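Each of the next two complexes has chain A plus one other chain: chain B in the first, chain C in the second.
== the complex of A and B ==
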């Protein structure tokens, strides 16, 4: 286990019926770096993301540790893992388990500092661009319903701060002219950028991007990779990215994890991956 | 056709319609956010009618006779307690079933509705209850026998219903909580990923819907003065009809549907036949669903390919 890593994935495994989708996955994401997760179709890349955000529950023994916001978060526990036999003789663990069963879930992962995007755009299409970003900042907004109804000073101030932050990110992603447009009416490339902007509004430390460049033209794709590099350098964001566009991956990644048939095939720098015969065999087949 | 009768029926229809609209809001909000019909909602309205009578009785024990003060306290008391009912119903009957089949919470809702009816019948008795008329007097427009009469109670209903709807609309459109509700309605998983506790938002929606039903319950009790444990059923079905008529899932649709339903019902009973007014209301629903399946203001569902 690497202490400098923001995310440690250890012994992650998951089965769907008889199919073993992930088998003992181990890797880590170093802090303030770009890690790419690549592999042929069906290798289990998106499944890893889904385990991180709680759509799937990892099998027994899976450990996902997110070291963010100055503490170490056990994601499996946060997402409400099943009872274990030893819980029944350990009341504190039992209480904790019940707590996370009742109040745990995806939202805690986000609050711990992990944000993700999807392969397909999942914006709130009927809301305006700036509202999409405000939704993501609800934790920093005054939550009291009464304060909202009476528009108290605290509420308006917190709203002002949220708007400022939203505009900063819109500027960063070059969407500031679109602030009041309806999100569903933006062109595809801008929607993709808005998704990342919205994820950034939750103040994450780890950003998980699922095929951000899919469907973008080469110019848009180059612009996006520029933005991802700036996120790492200017904002010290750690990025875990799934991507099929190898030019983009080789250009921006500091570290690449290759998956194949639910196993980690190779783990190393882009140069090492390029020269690895194992990876080439997996992609192109053996000679 | 006499003009004054026509106007009188329109006024009555507006009163009836704003009550339907208030209750329909609860159906439409719950449907919008978790896609289920909360059949217990009509009974939440019935419970609120009993609660308002209890509040009036308690105040009269303390010897308070000022009508505006009584109405104010009764409104606050009923809205708070009914919201607690709404929250509890969601927590007990629906949340444990989240993630199971679509029909499971529906059956649970019917069970909850039967439970509430029987619980009120056992604790309050099966006979019709009544409260004294607190808002007396009326406004007459016209002369001789051709006049339109608006009781102050009716005026109070329409004004408070509009006020309640405006507050709700403000909450949904302008506050952070409302923004979270809208986000959860559009994409629940994505809302969760952005750190929104969707379970809490769903509870909030039940609380808001129940508060609107409570407002309707107090207003109807003040106007008609009598109620029994069974009023929730027919009013609930009518309000549900109003929600479907206006386009289920749409907030302005619920209000519009309520007013359309209330007005057409009272015009029908004023000019044609009182006994068949329910038949007419449901015929209207059938017709609208044939020609506009998504309701008046509802958006047709576009299948994504």
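== the complex of A and C ==
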């Protein structure tokens, strides 16, 4: 286990019925760096994301540790892991388990500092661009009903802070002219950027991007890679990115994990990956 | 069938005849048993002649419609129609329109002065004059409340709740049981009712809100029926189908609306030196209700711009995205369910006190369906649309008394027409705008 890593994935495995989608995945994401997760279609990349964010539950033995917000978060426990034998002789652990079973879930992973985007855009299409970003800041907004109805000073202040933050990220992603447009009516490239901006509004330390450049033209793709690099350098965000565009991956990644048939095939720097015969075989097919 | 011909602008008579025959066959299957056989006492009377007339009308109608939709004009009409169906949400423009700002107070004043006019000059208002008119208006306002409450659950949070009538019943029975068992009066019950109904909403909601879509609809439908059955069968508490009577409404616990006063309270008309009229009580209920409706409208207006309201709408748009952004979807749904329930509870209290009596037959599934229809017609999420739809749907049957036999039929036709013509309801959805200037980040609207 690497102590400088923001995310440690150990022995992650998952089955769907009889199909083993992931078996014993081990890798880590170093802090403030860009890690790419690549592999052929159906390799299980999106499934890794879904396990990390709790949309799927990893099988027994999976360990996911997110070291963020100055503490070490056990993601599997947060997502409401099943009871273990030792819980029944340890009341505090038992209570904790019940708590996470009832109130745990994906939202806690996000609050712990891991934000993600989706392979197919999942914007709030009928809401405006700013509103999309405000929803992402739900946790830091003043939510008291009475304060909101009477528009007290701290309610308005918290709303203004949220709007400031939203506009900062809109500027960063070059969407500031679009603030009051309906999200579903933006061009595809801008929707992709908006989804990343929305994820950034949750103040994450680790950002997981699922094929952010898919469907973009070369110019947009280059612009996007620029932005991801700036996220790492200016905002010290750790990025885990799934991408098929090898050109982009080789340009921005500090570290590449290659998946194939639900297993880690190779783990190394871009130069190492490029020269690995295993990876080339997996991509081009042997014989 | 029609769209296949859009590009070859040629009218095919054969296609029109097939269309007409298919429609005629369907009509025959539908109208044969419904219109053709009339239950007369214990016997079925043959009325097939009428059924055949219906079928003939439909067949010829379909024939000409099919011909029309194949003609160039019809094709263009269909194309325009297909384009018009695409939902277009817009963002509010900063409105400095003075007329709009004055409209709301004007409506409020008009609504406030209505019962006075209805009482003093009933002939002026036709059906809506006099005590009867006032009671119709009260009912309309009760449906506005119910529509607004369910709008939060169905329209904003996107949770199809087919058992909303449960909270309406809970509110109404809370008044009568509170009176019979705890000796509570109208005012104490009214003030506690939102909290009480919200609590019931939380208890009913927590186990079911983990479900989605259709499952949720079925489960809530079940809950609505369970509540009605409990009210029907728990005779020691609710007196079952015999119903319960509600406490008298008092003028702020100080004056009674009875002719001779009651419970040591002076009669209202004596105190103000007016001639006794049984309308006073209803005028008073109407005013209270009007204030409550405007209060709920105001809170609703605020809610949709508050984090909670935004979270509801985001949940309706995409639950998975919401969860990935740190929102606890169960709590967000629960808050919508509770706030919706509390509005329904208040409406129930008013319903019981205006009727003076409740029994379980007022809270059938049909009632839930009517409230859902109000929300759908109003445009899922639009408070203005829901208000208009609630008023129209309660007042229209009064205006069209002669056609009361066809009420459900017309209602069905209205729904179908609306779904085709305006699937997103009467009022186009509008999002609030936010100033994009950083120096002056302020919400407009």
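Quick note on the criterion: the second predicted complex is superposed on the first by the 286 of 287 C-alpha atoms of A that agree within 3 Å, B and C clash if a C-alpha of one lies under 4 Å from a C-alpha of the other, contacts with A are read in each partner's own complex, and residues count from 1 in each chain.
Just so we're on the same page, a residue touches a chain if its C-beta (ideal position, glycine included) is under 8 Å from a C-beta of that chain, and two chains touch if they have at least 3 such contacts.
As the structure is a computational prediction, the values presented were derived from the model and not from experiment.
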item	value
Clash or fit, chain B versus chain C on superposed chain A	clash
Between chain B and chain C, more extensive residue contact with chain A	C
Touching partner for A:130 - first (chain B), second (chain C), both, neither	second
Partner chain(s) touched by A:234 [first = chain B, second = chain C, both, neither]	neither
Chain B versus chain C as contact partner of A:167, first or second or both or neither	second
Chain B versus chain C as contact partner of A:122, first or second or both or neither	both
Overlap of the chain B and chain C footprints on chain A, listed as residue numbers	53-55, 103, 105-107, 110-111, 115-116, 118, 122, 124-127, 131, 134-136, 138-139, 141-143, 145, 148-149, 151, 159, 198-199, 202
Of all residues in chain B, those that touch chain A in their complex	167, 170-171, 174-180, 182-183, 186-187, 189-199, 204
Chain B contact footprint on chain A (complex, rising order)	53-55, 103, 105-107, 109-111, 115-116, 118, 122, 124-127, 131, 134-136, 138-139, 141-143, 145, 148-149, 151, 155, 159, 198-199, 202
Complex contacts: residues of chain A adjacent to chain C	53-55, 103, 105-107, 110-111, 115-116, 118, 122-128, 130-131, 134-136, 138-139, 141-143, 145, 148-149, 151, 159-160, 163-164, 167, 176, 179-182, 184, 198-199, 202
Of chain C, residues touching chain A in the complex	87, 89-91, 299, 302-303, 306-308, 310-311, 313-314, 317-318, 320-329, 429, 431-434, 436, 438, 441-443
